[in-house]
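Think of it as A, B, C, D and E in the order they're written, each chain with its own count starting at 1.
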Amino acid sequence: MGKTSVGSFLSSTVAIASKDLRSEFRTKEALNASFAFSVVILVLFSFAFDPSSEQLQTISGGLLWVVFSFAGALILNRSFARELQNDCLDALISSPAPTGALFLGKAIANFVLLMIVELASLGVFALFYDSRFGAQLLPIALVIALGTWGITVIGTMFSALTVNLRMREMMLPTLVYPLLIPALMAAMTLTTDLMSGTPIGKDNTIWLRVLIGFDFIYSILSVVFIDVVLVG
Amino acid sequence: MRNKLVFVLCLLAAGILCWQLYNVLLNLPNEKDQGAIYRIVYFHVPAIFTGFIGFFIALGASGMYLGTRNLKYDAFAAAVTEVSLTFATIVLATGMIWGRIIWGIWWTWDARLTTMLVCWLIYAGYLMLRRAIDEPTQRARLSAVVSIFGCTDIMIVWKSIEWWRTQHPAPVLSVRDGGGMAPGMESPIYWNWLALMCLAAVLVIIRMRQENMSREIDSLRRMAHSY
Amino acid sequence: MPGDERALEIDRVSKYYGHFPALRDIQLKIEAGSTLALLGRNGAGKTTLLRILAGLSKPSEGTVRVGGSDVREEKTRRRIGVLGHGISLYDELSAIENLKIFATLYGYADPGKRAGEWLERVGLDRVRDGLVREFSRGMRQRLAVARAFLHDPEILLFDEPFTALDDRAIAVLQGLLNGAHSAGRTIIMSTHQLREALVLATHVALIQRGQLAYTGERTQEMLDDPAYLYRTYGEN
Amino acid sequence: MGKTSVGSFLSSTVAIASKDLRSEFRTKEALNASFAFSVVILVLFSFAFDPSSEQLQTISGGLLWVVFSFAGALILNRSFARELQNDCLDALISSPAPTGALFLGKAIANFVLLMIVELASLGVFALFYDSRFGAQLLPIALVIALGTWGITVIGTMFSALTVNLRMREMMLPTLVYPLLIPALMAAMTLTTDLMSGTPIGKDNTIWLRVLIGFDFIYSILSVVFIDVVLVG
Amino acid sequence: MPGDERALEIDRVSKYYGHFPALRDIQLKIEAGSTLALLGRNGAGKTTLLRILAGLSKPSEGTVRVGGSDVREEKTRRRIGVLGHGISLYDELSAIENLKIFATLYGYADPGKRAGEWLERVGLDRVRDGLVREFSRGMRQRLAVARAFLHDPEILLFDEPFTALDDRAIAVLQGLLNGAHSAGRTIIMSTHQLREALVLATHVALIQRGQLAYTGERTQEMLDDPAYLYRTYGEN
């Protein structure tokens, strides 16, 4: 890959990402819906489980990631579906931009949107469940970013994979959630630990490594296989 | 030729299974802690070996499909996955029965069990995806990608639980580092494994033939209905 | 094959959906500067062929080359412009934003300038900041043309461009196509509206059940009686 | 409404319901996806909350309804979306069948499908979380049926309402779940009580009444307003 | 208004999308047995009008009556058959199942028999149990016609019936429409394919920006020169 080639890869990636972000910020539909959904889930759970109980500290990490992954699905669902509207996907694929740039651009946009929704939900969560993140703010932010990138990569890839299927809305969750389990498991454990004051240390670095490994492997796999998925 | 192969493999599987069933049920003594139920290990463990080998073969076949775009590999991958999923189901079922007797519960959220369930779900998703796509070429392409992603995921899950303490027994076979079984009690595991592999091969061959046939029928029908 | 560096060569292309052959052994060379009308009954394989030419789908067998290189190569894609069934525009974005994105993807250093020029050329500079969602069908169609041909492609591919357009929109499109033809572009379009297509075409290809049934120059005979081709070369 | 009119209302309802059931049973796609999704949720929750804890009995009712409502959404999502494919909805609306019959037929089909998925998930739940329903089987079945009908009515109605929106997949959950909260609350409380052995008695009949009232009111409202939603 | 009991009367119909008038004050009486070609440029309001006639959408002002009763009434809907852009068939069901559902909705005592008869009539009885998903576009189109006219409606509404069909499919459809016309049915169709439509039409209505610009019988003049109408009554 020559220098200009890297340059055009990057500029295509940025063009796609900023397009997605711009059209989302213009309507804010997915953001609002996803945030509203996450509040609804929090409310539902507050009925399902007694939020004032002692046990809450031990489940809050888990709860948080359930909320993130469900609310995030709304955003990821739309990622490639957005391109279907007027057959925009065809125009993107027939352009000289590499499909890898297409994927990365969309993944970056999704990541930003997801992080926004997650931060907002985190605020609501802290209010509802009276949690505090102060002590371990930075490591928690790191874990959230890593976990979110995992959700984003898998979600974006499978959004592309299912975009032409009759049963898109059903196939996406059925395929994505089982695949996400290692990342979610790791993120849940780390978040719970951090929220209960345990720093990342010898007991749980393994989880951090799982999370990083997951992100790394699937980012590579996705960029490699996106062309097969989109073009054939 | 193929029919003969199927026939021979069937006979082999049936022969070994009968012999080992006799051996396991009537010859071997009860285990000292678990009593009679431990015998389920002779199906539980061979089934999991067969299943996992199948998933890896399916990964290879999926890769081959993407490399060659020959639908034969796709049919092979699909057949192997389907059969392996059956064996995974057998593992779950025998494990649950075993757990019910030994632990008094059907299920516990122990790492190994959960992993197995995740594995099952991923490949069930693979098969559901296949059913959701009508066009054979698209189906082959997309499901090959899912197979590759799925297999990677299972390796990650597998790795990530190695550090967990589990309720489920640690490896006991001498080929791994366990070696906690009496030699006479261990060999039926390998024999049954061989039998199940033969059985799996038979099922895969039959399933592949069916898959090819149905694709043929599908395209003939399309041909008749198009234009 | 030496000779015209810019010709589009379709070399023994087949496309199977499963075992079903949507295209069989298509062999066709399209000279640079010609306008090809791709005709054929419903389900003949026109869309399938055009998608392969556009690099949107891969042939099961055979190759498509432009000046000797494969259509999925980056530099080849830069030479091809596609307008399919959809208009390929984002409803939530403005006219200028839509064009800018594609100008960036096609590697223009100043995408804003390029986009502005094309807006002028299709007469939409008045509404450059209007959202596409609010445009009428005619305006959308013109913007779609601008989007598809922003990068001055040598080869223009159209799938049923006249479908569902009214007489005025068809006339505008025909004008654009005529202009492209005079500028030496190669045009390939599939259509069922024989009359509108044959007026523009210099060459004709007829596909029948995935096979090339006829290819050659457009003759006066065809113009006078559009059904002639089907009658002569088509099955019944 | 004359006798024949009632008869034709019923036969239209049956025709719609059996059409939906038949096409679903032919492919079983929504059923499988919805069931797989419910298992996935159970697995996710097992990470999020410690399932072996004592507390489980007190949350199992809540957990169950969270699973039901999320997995059910997959089926409800498809209910009217199924009619979009080839503009089938137009043909149904322009037929003489009253839109009320259309709604009821679809609701009945959805109810049946939801109940199938729920019973299957219940079995899995009992296995995975070692719960027992034996003692109060009948009342539990009643509560489940009532709660499911609530989910079905609201879900089907809003599936119709959102069917023509660009943002269908997002709007449906955002609108439906908040509305469902009273029904889910009632169902959760009752199920938890019943599963921990408390029969329906003076303490919780109020919840039963809420549930029945909810079902009743929204069934009526839906049949009345479906025409406005579908035709205008 | 006494007179023809079966005529379709459009009485001062307007339709607003927000403040945007898609239809303004349309007043039109369509005699029983006539075939009306509904013409107009893109966005003129043809689809909007047809959807109102079909009872799929309500006019903002005015009424549409068939023999004195409103189109949304049950007994009126039984007299109307609609074929829009989509084919309105379920892909996962077989041909016969599709027709049976609609026969039931239209209240036939023996829906299976009715469905079978129509399958024969459109020549699909050979594939009665084939899933619609596997049908070719032509077969789907024929089944869609059977679905729409299963209940022998007096009034047939078509929205762009010829779009994207090939010559043969158009001929089949024209044959069916001719048959319906001879049987005394009232036909209303919108289209941009003037030539195909005018051959069949007895009357013509031209809509311009939501208003009725012209209505009257089809004349020989129009047949000879399809663009005549737009030139004479249309704006430019």
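Definition applied: a contact is a pair of C-beta atoms (placed from the backbone, for glycine too) under 8 Å apart; a residue touches a chain by one contact, two chains touch by 3 or more.
What you see is a predicted model; the values in this text were computed from it and never measured.
A.B. asks: Where the contacts of chain B and chain C overlap, which chains show up?
C.D. replies: A, E
A.B. asks: If you average the CA atoms of chain B and of chain D, how far apart do the two points sit, in angstrom?
C.D. replies: For chain B versus chain D, the centre distance works out to 35 Å.
A.B. asks: Measuring from the mean C-alpha position of chain C to the mean C-alpha position of chain D, what distance in angstrom results?
C.D. replies: 48
A.B. asks: Please work out the Cα centroid separation of chain A and chain B, and write it as a whole number of Å.
C.D. replies: Spacing between the chain centres: roughly 32 Å.
A.B. asks: Give the residues of chain A touching no fewer than two other chains, as numbers and ranges.
C.D. replies: Only 85, 166-167, 170-171, 174, 178, 181, 185, 232 qualify.
A.B. asks: Which parts of chain C, given as residue numbers and ranges, touch two or more other chains?
C.D. replies: Residue numbers touching two or more other chains: 41-43.
A.B. asks: So which stretches of chain B touch two or more other chains?
C.D. replies: In chain B, 118, 121, 125, 128, 132, 137-138, 222, 226-227 touch at least two other chains.
A.B. asks: Could you list each pair of chains that touch, in label order?
C.D. replies: By the stated definition, chains touch in these pairs: A-B, A-C, A-D, B-C, B-D, B-E, C-E, D-E.
A.B. asks: State the interface residues of chain E toward chain B in the complex, per the touch definition above.
C.D. replies: Counting only chain E, the residues touching chain B are 127, 130, 133-136, 138-139.
A.B. asks: Under the stated contact criterion, what part of chain B meets chain A in this complex?
C.D. replies: Those in contact with chain A are residues 66, 118, 121-122, 125, 128-129, 132-133, 137-138, 141-142, 144-146, 148-150, 152-153, 156-157, 159-160, 163.
A.B. asks: Which of the residues in chain D end up touching chain E in this complex?
C.D. replies: 8, 11-12, 14-16, 19, 22-23, 26-27, 85-88, 90-98, 231-232
A.B. asks: Given the complex with chain D, which residues does chain A contribute to the contact?
C.D. replies: Against chain D, the touching part of chain A is residues 29-30, 32-34, 36-37, 40-41, 43-45, 47-50, 53, 55, 58-59, 61-63, 65-66, 69-70, 74, 77-78, 81, 85, 166-167, 169-171, 173-174, 177-178, 181, 184-185, 188.
A.B. asks: State the interface residues of chain C toward chain B in the complex, per the touch definition above.
C.D. replies: Chain C reaches chain B through residues 16-20, 41-44, 60, 209.
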